[in-house]
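All chains are identified by letter, namely A, B, C and D, in their written order; residue positions are counted from 1 within each chain.
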Amino acid sequence: MPDLNLLVASIISGLLIGAVYGIATVGLNLIFGVLRIVNVGHGAFIMLGAYLAFIVYTSLGLPPLLGVVAGLAVGAVLGLIIYYLVIRYLHDAPELATLLATFAIGILIQELVKAVMGPDSRGFVWNPLAAYEFEIFGYKPSSFQILAALSSLALLAFLYVVIYRTRLGLAIRAVVQDREGAMVVGIDVERIYAASFALGIMVTVASGAILAAYLQTGIHPYMGEIYTLKGFVIAVMGGLGSIPGAFIAGVLFGLFENVSYLLLAGIEGVQPLVLTRSIAFLLLLLILLVKPTGLMGR
Amino acid sequence: MALVDPWTVREAVRKSLPALAIYAVLLAAYFLIPGKSQLFATILFYALLGQAFNIFMGMTGYVDFGYVAFLAVGAYAFGVTAMALASLGSPGWTLIPLGLLAAAGAAMILASMVGAIALRLRGAYFAIATIGVNEGLRYFFEGANILGGSIGLYIVKDLKTLFGDEGYQFMATIAADLLMFGLAGFTVLVTAWILSSRMGFALQAIREDEDAARALGVNVTKYKVLAFMTSGALGGMLGALNWALKEGVLEPETVFFIVYTVEAIIIVVLGGAGTLLGPIVGALIYIGLNYVSNVYAAPLLEGIGIKASGLHLILLAPILIAFIIAAPNGIIGLLRERIRNPTIRRFLV
Amino acid sequence: MSSGREVLRVENVTKRFGGIVALDKVNLSIREGEMMSIIGPNGSGKTTLFNVINGVLKPDEGRVVFEGRDVTELPPYKRAAMGIARTFQIPKPWPNLSVRENVAIGALFGRLQGKITVKEAIAMADEIIEMVGLSEKAEAEAGKLTVPEKKLLELARAIAMKPKVLLLDEVVAGMSPRDADKVMETVVRVKREYGIAVVSLVEHVMRVVARYAERVVVMHQGRVLVEGPPGEVLRHPKVVEVYLGGEAI
Amino acid sequence: MQGQNKTLLIAGAAIVVLIILAAGYFLFAGGGEQPATGQQQEEQPAAGQQQEQQQQEQAPPAEEKIVVGATLSLTGKYAKEGEMSLLGALAAIRWINDNGGIKIGDKTYMLELKYYDDESNKDRVKSLVERLIKEDQVQFLLAPYSSGLTAAAAPIAEKYGAIMISHGGASDKIFQQGYKYVVQVLTPASRYFVSVIDLVKAIDPEAKTIAIVYKENPFSSVVAEGAKKYAEQQGFQVVYYQSYPADAQDLTPVLQPLKEMKPDIIIGGGHFADGQLLARQLYELGIKPKLVAILVAPALPEFYETLGDAAEGIAYPSQWEPGVKFSPDNVPPGYEWYGPTVDEFLQYFKMVAEERGKGDLVPSYHAADAAAAILFLAKAIEMAQSLDPDDVRQAMNDVAIFTFYGKIKIDPETGLQIGHEMIVGQWQNGRKVIIWPPEAAEAEPLYPMPGYTG
């Protein structure tokens, strides 16, 4: 029987990292929901956000979570540039063409970042509330982990307000539901596409900053690849295009990765932490077996 | 039903000629252009990867993001066969048919298992469920210590036992490539046959509108599974030849490497999805551009003082983007739109 | 009037969606070579009935009998192979395939499934395309046709399946009277030539019903309200009341 | 109809062939059938840039040269190692050229490096290796990084009889496959932790238990296996042997049990990013054994920059450190001194790094590994007095040199490195110092680590 303390620890740390996974997937889902584009370069934008947090902290001496603000700004500019330079031309193209385009964009970002920042694996130490001890059911997460998870929620709230409380959000939702219909009522679908793409990139880059604040190590030009992969899986688990679905699935994914470890740890001759990955993907298949459009997909 | 309907055969032969011609040229280049044989072998590998992938993805519209798992499983099956035969003291030549059979078989088993679950899913859900299969398998190999775990399977020694030192040298360099040329020809014929037969029509109907296809009498599940297994089996044999026989070292990290799937997609999309020539043209462009930018362009730029590692990828990425904006349906797709001449069109298959 | 043997029978079919009863104990029988129209306002259950007959939906109760065989559990493609063909209210041709290819696929996978070579299927497609008057567009991509052309294409595709029962979903909706007549003439010709039973769903175009149908079934709220020859049915007081809102034709 | 079809077919096929040929010609014009001197790629040095280092390290004119080829991972997951290897190799080559080149008979040869980026991808390696051998006329190669890439290159190098010197990341298993021309200059993966275990055994007879936590990866799994075996041979008890996946973001689950278990020593790791994470999380979780030794990551200055206090006391096995005291004055018996001194190497490294705009880089051991490969090759050529790869390969069996990198000597049978030994470094007060072996040590080991409570 797994030790109860370990179980609690796993659940809490799973929830914390899960919130970060969740926010790191939301942008991917937004872009898919509106533009029907699977952004294969997703991880590169997360990596960019992580570097922003790194620079904000090490060069400017500000808390790395302010990288979220920088991420939103950089993401907005980058998102618009990419949209008007590339994505705009690919509306009528087969879905796969956009896949290739976003892949190439990802490579470009990786290599440009590497040219500027070098190939090294960077990191920092930031623990602003080290003096305080947080204890949840006997488990003591670090302050930066809690702050990162809270920032994820804040960013999610920001996105929620944009989508459910603004004219732009209304228009975006209209386009998601039925683009012809939206066009007929006078929505400039082209501009909504641009705005949604930019919004998706903004959230993704910003989530990279949150991720960096949570992990604080392992910031390098190729760090994003695993998040592209995890992002895909979480997005599908939650239901493509569903923003709350993405977030909930992210939390679930984090939770599951952590808790399944305890079960696997009892098996002789295997490497439990490695196998949790297999189990997490198995979970994806099971969810899709029961609900082929993900937890909250239509 | 006439399986060998003469019209279908004629059509298939006609359709396969241009592709076979390109492979013939590649084969000639492989032998005649000195110092480039491995470049052509690499182009061949990617063309085959694209073609095998295309049978399922190009024709049904389903993107199997975990496709590389078929290559990996095929390579492992070939590796295990080699080890078994070496320990049994069998003659070397038996490995080729038995190993390829094992590779195709293992890949088909995987395809039927994955297909049973994932083929019920549509679009991106299918794509990503298959990523799950690939990654899940990789971590399973590593975590449960299957066939050498993360360290991998080393079969060079076994291959040397089977073929002798000289023989191994020949197998790993020339014979593996020639077998891949053979597999390429076979793949072209299979693809052309599918395109010219009922199956091709069924797959196209599925790609265009699966519900309508079902209502119109197409046994959607059967054709999807058939195409998936064909594509998987070809992939398995490709993995066996290019990785197991040619390199002799199989590590989960590199054989379940998802970038191969992405590259397969790039090649198919660049050339034209669902076409026979598309993947070959795509591979020529993709690997050709990569090689040229790596071997010629990057050193030129370095020569004028622009020094950055990764330079050639910085050059390559925008070119790829430009390509796809100019020809979103791929090169063959573009040519089909542009060229009205029916004679030439006949060869753009 | 047709007096052929029965090809299709719908027995006590009930279909619910959540709390809504879309079909309520529906019974129908269609004979060989018969031309039947099912009419009813939007939401009366017509398309659901088609979906049950063709196998896209499984009924909650009741069964569908085709040529004396219970096909309720069979998937759509098997029923198509047995001889049930249909068109869609919103045409669903395969947009990137040519008109010829679209029709040829119908031939390859319809009732002749397995009995016809690709070459024969293409030849047959050309014949049928000519019959429906699309010859000039044979090479064109289906996605580029106009809506009436798409409907003709769907009809051609269905005919190519050599069905015994042809289910036409709003095949003339939105067409000019002339086009509508052209389509219906074709349907009548096919029906005569091959002895197909035709069931067409019609919401509004009563003129067509009156002119071409041999038997009319009126559906309302998931039930069969009245059934009989067009002349009688269209004047039936119940029909006038619920369907035509009190106005006689 | 039928006859017409045939004509069309032939015409069409001809057109396709022509297009392909034209494309091929365009692609490969400038390759192919040039005279094979290995010089055709050479750029004219731009005016005013006399010593400009181009992709080929240029030799002074009028002397013959030997081109060494390399496929380096300048992009992709081994990009960091690739960058270091490039600079290290260039530094060694520059030193050799500045010190009279290589003499065969009365001829003097200058070394030159010709390299391509392999993108850390094994399916790029093959064509590049062949190009190096056949078109750039290279007979001596630095192997690509990692065993996967080496395995892809080996059959081609073997086919053409070109020598491949492994200078990084390759698993021991590569050398059990019977390749004839593949040799190694760095300590094999299975022996990475030997020095660390020796150190503990020498200074702390009390220490009995070892926990191993490593990354699941072809390289670090072999390291862990080797470490476990050696530790058990030395009488230690391996109480915990767990791995984590290659891209782990959180090691808490694997580390948590160590809090209770309290092993004397924790060793493991894998690569850059996860090594940082491992040290960081051990610190966060308050797991304080007597010694923590981690692979790869702590050898880089970024380790301390990233982790600060959490890096304090962390030890690491290293192939080489800038502070080593190998010099012509302490050559061990059976070896002879060869190549630059440590200071010279550092100076040359700085020189080539500056030319590439990386002046502030401090060489990691990956740079030294590549430099050692060059030195080993140069010495073997000199001993063979021949440029024939077979002669050189034969001579390599007899090379026993002591260099800025330490001892280099291979096992004639397998090509595996048997001379070179790992050293142990440790972060002390924000500085990396060498603590083992005693003859190379700059400082006493900080043992037990700060914070150890027993």
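Please note the rule applied: a residue touches a chain if its C-beta (ideal position, glycine included) is under 8 Å from a C-beta of that chain, and two chains touch if they have at least 3 such contacts.
On a predicted model such as this, the values are computed, not experimentally measured, just so you know.
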| What is the touch distance from chain C to chain D, in steps? | 2
| task | Specify the chain pair with the maximum number of C-beta contact pairs. | result | B-D
| query | If you take the mean of the Cα atoms for each chain, which one ends up farthest from chain B? | reply | C
| field | Central chain (distance from its CA mean to the mean of all protein CA atoms) | value | B
| said: I'd like the Å distance between the centres of chain B and chain D, where a centre is the mean of that chain's Cα atoms. | reply: 32
| said: Can you compute the centre-to-centre distance for chain B and chain C, using the mean CA position of each chain? Integer Å is fine. | reply: 43
| note | Rounded to the nearest Å, the gap separating the Cα centres of chain A and chain C is 49
| So which stretches of chain D touch two or more other chains? | 75, 79, 82-83, 216, 243, 245
| Multi-chain contact sites of chain A, meaning residues that touch two or more partners | 111, 114, 119, 271-274, 277
| Which chain B residues reach two or more other chains? | 139, 142-143, 150, 309-310, 313
| said: Once the touch criterion is applied, which pairs of chains come out as touching? | reply: A-B, A-D, B-C, B-D
| task | Give every residue of chain B touching chain D within the complex, in rising order. | result | 14, 17-18, 21-22, 25, 29, 33-39, 41-42, 45-46, 139, 142-143, 149-152, 154, 156-157, 160, 165, 169, 172-173, 242, 246-249, 251, 253-254, 259-260, 284, 288, 290-292, 294-296, 298-300, 302-305, 307, 309-310, 312-313, 343-344, 346-347
| Footprint of chain D on chain A - complex, ascending | 6, 9-10, 13, 17, 111, 114, 118-125, 142, 215-218, 220-223, 225-226, 258, 261-262, 265, 271-274, 276-277
| note | Per the touch rule, the chain B residues reaching chain C in their complex are 1-2, 5, 7-8, 11, 196-198, 201-202, 204-205, 207-209, 211-220
| said: Taking the touch rule as given, give the residues of chain B at its contact with chain A in the complex, in rising order. | reply: 63, 65, 117-118, 120-122, 124-125, 127-129, 131-133, 135-137, 139-140, 142-145, 150, 258, 262, 265-266, 268-270, 273, 308-310, 313-314, 316-318, 320-321, 324-325, 328-329
| Sites on chain D touched by chain A in the complex | 75-77, 79-80, 82-83, 216, 242-245, 247-254, 256, 272-274, 276-277, 280, 284, 297, 300, 302, 305-310, 358
